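What follows is a group of structures, each given as structure tokens.
In the two complexes below, subunit A is the common chain; its partner is subunit B in one and subunit C in the other.
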Partner chain A sequence: MTKRALLAAVLLLVLLPVAVGLGGTILPALSSEPWRELFATPGLARAITLTLFTGIASAVISLGLAHLLLAVYSARLARERLRAAMLPLLATPHLALAIGVALLLAPSGWLLRALSPWLTGFTQPPDWATIQDPWGLSLVLGLVLKETPFLVLALGSALTQVPSERLMLQARTLGYRPFKSWCVAVAPLLQRQIRLPFAAVVAFGLGNVDVAIALGPSNPPTLAILLWQWFTDPDLSRRALAAAGAVMLTGLTALALWALHALAARVRRLWLRHATSGRRHDSTVAATLFANSIGALLLATGLLALIALVLRSLARAWRFPEFLPRSIDMNSWSNALATLTPALEGSVGLALLTAFVALLVSLWAAETLRPLPQWRTRLAALLFVPLIVPQFGFLYGLQVALSALRIEGTWTAMLLTHLLFVLPYVFAFVVAAHTALDARLPIVARSLGASPTATFAKVTLPLLARTSLQALALGFAVSLALLLPSLFAGAGRFITFATEAAATMTSGSLRSAAVYGSAQALLPLLGFAAAALAGALVFRRRAGVPA
Partner chain B sequence: MITALAAATPGVRAAEPAWSEWLRRARGQQVYFNVWAGDEAVNRYVTWTVAEVRRTFGIELVHVKINDVAEAVARVLAERAAGRDRDGTIDLLWLNGENFAALRQADLLYGPWADEVPNARWIDRAGNPTTVTDFTLPTAGYELAWGTSRFTLFYDSARIRTPPRDSAALLAWLRANPGRFTYPQPPQFHGTSFLKQLLLAEYTDRARFAAAVGGDFATLSAPLWRWLDAAHASMWRSGRNFPASGPAQRRLLGDGEVDWAVAFNSAEASRSIQSGEFPQSIRSVRFRAGALANSHFLGIPYNARSVAGAKVVANFLLSPAAQARKGDERYWGDATVLDIERLPAADRAAFAALRPGPATLPASGPGAGGVIDEPHPSWTIAIEREWLRRYRAG
Partner chain C sequence: MTTLRLRAASLALGGEPLFAPLDLAVASGEVVSIRGESGSGKSSLLAWICGVLPPVFTATGTVQIDADDITTLPTEQRGIGILFQDDLLFPHLSVGGNLGFGLQRGAGALRRDERHALIDAALESVGLAGLAARDPATLSGGQRARVALLRVLLSGPRAVLLDEPFSKLDPRTRAQVRALVFERCRAAGVPTLLVTHDANDVAAAGGPMIELSLP
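Let's look at the complex of A and B:
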């Protein structure tokens, strides 16, 4: 009974803010006036088309690439290598990576500097729309860079739920080549397992500000950027307009998810026909080549973007077409130090706290729900709700509620809001590892007379030590990356690397933005490195213990 | 004699103890200062201020960086909507123009206070009327002048020998050099200012623009749209995308993507040359017909938590020492609002010691060229609306 009550409390913690926030956003949008104003917005049709195109295209491309990469790297060892390679991209916050990509691909960016003037003949940057192009292609690229690794991770976790080895063996026995075996036997099952993370990717693609401010076009921008502008407009009537826009974005997201769901059914049927065509041969070589090139390209773009980001934060004079800055200094870093300190306290303290709370809740919920696997699945699904509802749809209403409670801008408000976004990731990660544990070990402990608590503390927890450390690093990374939740719940008083990077980016101070972006990008990497190191230390004397 | 003087100026005597009382109350207060964060020099200057007011007044000044002053205005409005009439999240705010108008209209500014802080007596009200009239609205003591500026264009003198100084010449240059000119996207402040500069320079009698916009908007603004319609095709990205802000465009100039940038402070160009962000060849120019002139101010929201601290910080920012440092291009290079001639000799010397860089034009006085007064704020809004309607690809 108390277990149920506690579980209900967890759900309340996550669902209540979303419900209240949605209500608070919908309320001002109930009259017809804001809608009339919304539909009279210049360029709205184009903004909607752009939003739908970039959101859906980036999600579908990322999904395809993630499947391809996992299919090619399906062997356990190869998968580990893939995951390690994807980690830098995964750990880098959207905003930081987007700023880096802008610095790499802009007409005056690093790529064209590398080729100029010896190859291109340019002594001044050309007037090319390589970033912020009106079609949103650079925005799609920025999103794909971040979402592909995320979906690879999600697919990798889903593998624990799918008897992939048995399925592969059966398919191979029937004479299918390895790549095709994976495609027909394993991939469709995996896809069923990652519907929620995929929905989160679609929702983020449609509603993000993080990537669109650096790489998206500005005239008109995506709907999310318009919403951001309206929510911060001094004209009060714009709030109702923004709320109506947020409701529209939520509707568009629902529509896109429905359309993709319908499309998926059709793709499944085609896939089935392909699978049962009787052809056993596949194009393993071509697929491997393609996957390798794409993987390398993504990774190289991401890493070069990160280097460009750090370089720009150090560069003093860096005229086109110089490949490297003429002089570098730490001015921007030392100037930023004064604000980096509060940002460090804010961002890092908050991220650690959030990750820790999320880990405790997840461990406890995973253990409590061990006998009830269907509940566990249901909980995981419900926890994903804040990731699937567009952030704009409920964050504004939530801010109004927090403000009425007089807690906006406080640690409590920040922790509660960040948990909404961190908990689903940490829980999914912990549950996957918890499920994969050898179920016989706790049974043996219990049969030897250990209490459930002692069993959990002495058997399960040590086995989950490495997972817990990684989950902490994951939660830490997710929290550090959060932009809109920090802005809305922080009331501008809570300084994080994300809010500082966005503030300096939109106001045009690229070098400062690069400083905050670099800090925001390096910290999660440090987090994962620390987790790996601590894991190695913990397991130093436990050779052979699976983790 | 002394009694007679005191009787003749009762305000001075009454203000003296009151100010020490403000100083006493300010000690230990936390002051949330919301500042537009687009300029590293400004950020650095505020960082310096944080240390100074902590040392001198025991005030903990918290530097809140914002993209757009409108965000802070929106927050005050949201707090009013949520019934948070005390303990607001902003204590001190850097603002002017439409943001001041919006807050005053909703009666969301504390005051009048600005004429009572001790250093307000040095303000050059007569020589620089923009310090008391903010985009045609009287400040009426609800905001304190902090700095003053004139609309300026930066250009690369290595590419442009004689810079165009009116719209016709600029258009001719654009056509000869396609893709090398742009302006920040309205409704961003610098972008809208460029539009206002273009429009107002077309008229010699600008009295109509001091009053609210009316039914004659279409007729009066027609020259602006004609010019833009003709010019956009020859601009950067063919006029389909624009830099997000003034600083964003300055970066484009620094990176060589364009040959022009717009700004309100010509010292920024000298500073950027000094820091290596601009090549040595960047210079400033103003329109022959005159330059849009305005001042920027400090305001205190009606629900500020630390009014005393905010006043003390504002008064410090207006002190000759703080103003001279602000005028120094090594730190910021923003023109002072004080009447330097009236200052004590030691303070005058601090201003006389300032060494403007090669791209700096005077911000006030005879060398600064003609002045175009800011139009009534309703013009700003009308121009922004019309720009979006016309040029946001639909």
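Let's look at the complex of A and C:
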């Protein structure tokens, strides 16, 4: 069976690096020395608490908000508007958005400048911990800002698999108001489908550097930031310590996922008891008001953060409390151009290549698995593995393996590593559109004499042209956002916007960080805009071609 | 003269046969109707005949066109055209493009202008003259059904399967399209197999009727 062999190859492409990576990370942590050193780290208990708190709180809040938003915007049209509104937040990389939020909310940030000195009386930035607060609240905010739109999208695509509108109508004709109808009739059905995306959100929340580097507390920081410091330490003897820490983070993630899974079962029971109590009254008005305010607040924060980011990259001198910089220029951009050029080549070239390969693999796998729908679901789930295992858990080991193969820092290594993270998104997107196509169309084409290849090329592919364009933009955006994968697989030699933004952020060079962050934020938006434009142009005279 | 023949055809789902083994011959220009309740396996039977039976089913028996056993041929080599209850015109192709797609097998060696002439004449013969450049999405249901019929016939099928092709049309269009489909299939001299649960379809088909029964 060549089909099975090829499918096995795809899985191998994804699962082997994770397995090898995990092994390579565990190996140096097998002796007791690094563990003794790890447990002697000052503030470790606090770092662990912070990690668990920020990771779990941000994931749970994001899931709650996503449910709330979809409950209120449950009508199809409203849902589409909600998704469109969320797109800028979705497209912006974690790191760029976090830098933007830091520039917005810091004591010297844009928000306080807007209120100073006329309202606050400040002529100097106050000594407040509005970001990088010791409790990690700003870190939670930054994560919620990114994960809520992601979960809205994930819930939205899960919705296509349940007859939500008919269920809502049924509940409403039984006397339930819209919000409660959603809670009792639709939300419980989404729990299964949302499991993997939610697990990915939890794992990212617990193990991220991208957001914590800009918004997380510093003394002590989260476990992930400690790992980042140890892994990037020029003193190579810290690698074993870092590996032990990575193993610990992986364990904590597994523990958190297990606990949340157990908790979800209990919440579900309580929820269903409440749902079947027959009580009709609910809080539709309050829920709508709350959802609207929170939605608007998230969106405004995100957009203002992006503006603050771009403004900071252009500002020459920007003293507190001036609302706008006194002069702007492109100096940082032209200064950065020297490094921007390789970053542009690395980031953009790599992102395009990764997106394209991911699209080809996804189209091919979706087509091959057409007669085997249960395998399609399984493959989608297995492809999610690299998103659920903490990045630190396998990226270090993977780097060791890549360097043993003498390919670390090469395009091959970067492509293979980026694919691990891009493929699950692109495949899920492509497969949803592929499944939505009427399965009888290719049958008609075959019965008219077209071979399977011709059928794919002349019928399936054109009908998926718009999907493919959007999938390319999606893959492009995901690849541009990747920080740790670029760092590890690139072995410090492969420069991307993400690696440069993080490096300048840690060295405290805010303006440079803003330049790289802006570039990292604007490119995905450009990508989505280009996909939308091209999508509007292809088949513009054919009303029946799917969007 | 062509004959579509099923010998001891039987489908099973999870080891349970769906209907008693079926023997059947459809002659050129004849329309044979198969009736059965929903779930009786009549659409799956058509899927098997054109070679797209989902792998959850198992099938025994043979499909023949004249002396050729086509049971294991790939769909595109069977020469069996099918009309579904939806017209399933390719939405990314023009009306003429859809017809050209079907024409390729029967008349691959034609010159471009010859193909266009064939397509235009076909459209004209069903009262759709001059619509070749149109987007199929802009046609009415009855018009689309007629284009779908032309597309099948222009592909030069050796047999035609009809899977409740009229059930989604409104009553007035239905009678017209039904009459046209039967008339054209007879005129083309192809064996035609219709599955339906509508007694009016069977009456209009005018050929033998087979009731799919449990084994």
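Everything below uses one rule, namely that the second predicted complex is superposed on the first by the 541 of 547 C-alpha atoms of A that agree within 3 Å, B and C clash if a C-alpha of one lies under 4 Å from a C-alpha of the other, contacts with A are read in each partner's own complex, and residues count from 1 in each chain.
Rule of thumb we're sticking to: contacts are C-beta pairs under 8 Å (C-beta built on N, C-alpha and C of every residue); 3 or more make two chains touch, one makes a residue touch a chain.
Just so we're clear, the structure is a prediction, and the values are computed from it rather than from any experiment.
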Overlay on subunit A: subunit C relative to subunit B, clash or fit: fit
Per-residue contact with subunit A, leading partner among subunit C and subunit B: B
First, second, both or neither for A:Leu441, with subunit B first and subunit C second: second
Contacts of A:Ala187 with subunit B and subunit C, given as first, second, both or neither: neither
First (subunit B), second (subunit C), both or neither touched by A:Ala102: neither
Contacts of A:Ser332 with subunit B and subunit C, given as first, second, both or neither: first
Subunit B versus subunit C as contact partner of A:Arg406, first or second or both or neither: first
Partner chain in contact with A:Arg319 - subunit B first, subunit C second, else both or neither: first
Shortest span in Å between Cα atoms of subunit B and of subunit C, once chain A is used as the common reference: 49
Residues of subunit A at both interfaces, subunit B in one complex, subunit C in the other: none
Subunit C - residues contacting subunit A, complex: 50-52, 54-55, 74-76, 78-82, 84, 86, 88-93, 101-102, 104-105, 135-138, 151-152, 155, 157
Interface residues, subunit A side, partner subunit C - complex: 371-372, 438, 440-441, 443-452, 455, 458-459, 462-463, 465, 539, 541-546
Touching residues (chain side subunit B, partner subunit A) in the complex: 32, 34, 36-40, 43-44, 47, 50, 62-68, 70-75, 77-79, 81-84, 87, 89, 98-99, 102-103, 106, 178-180, 185, 236-237, 240-252, 254-257, 275-277, 279, 388-394
Complex contacts: residues of subunit A adjacent to subunit B: 42-46, 106-108, 124-125, 127, 129, 132, 134, 217-220, 231-236, 239, 316-320, 326-327, 331-332, 335, 338-339, 399-400, 403-404, 406, 408-409, 491-493, 495, 500, 502-504, 506-512
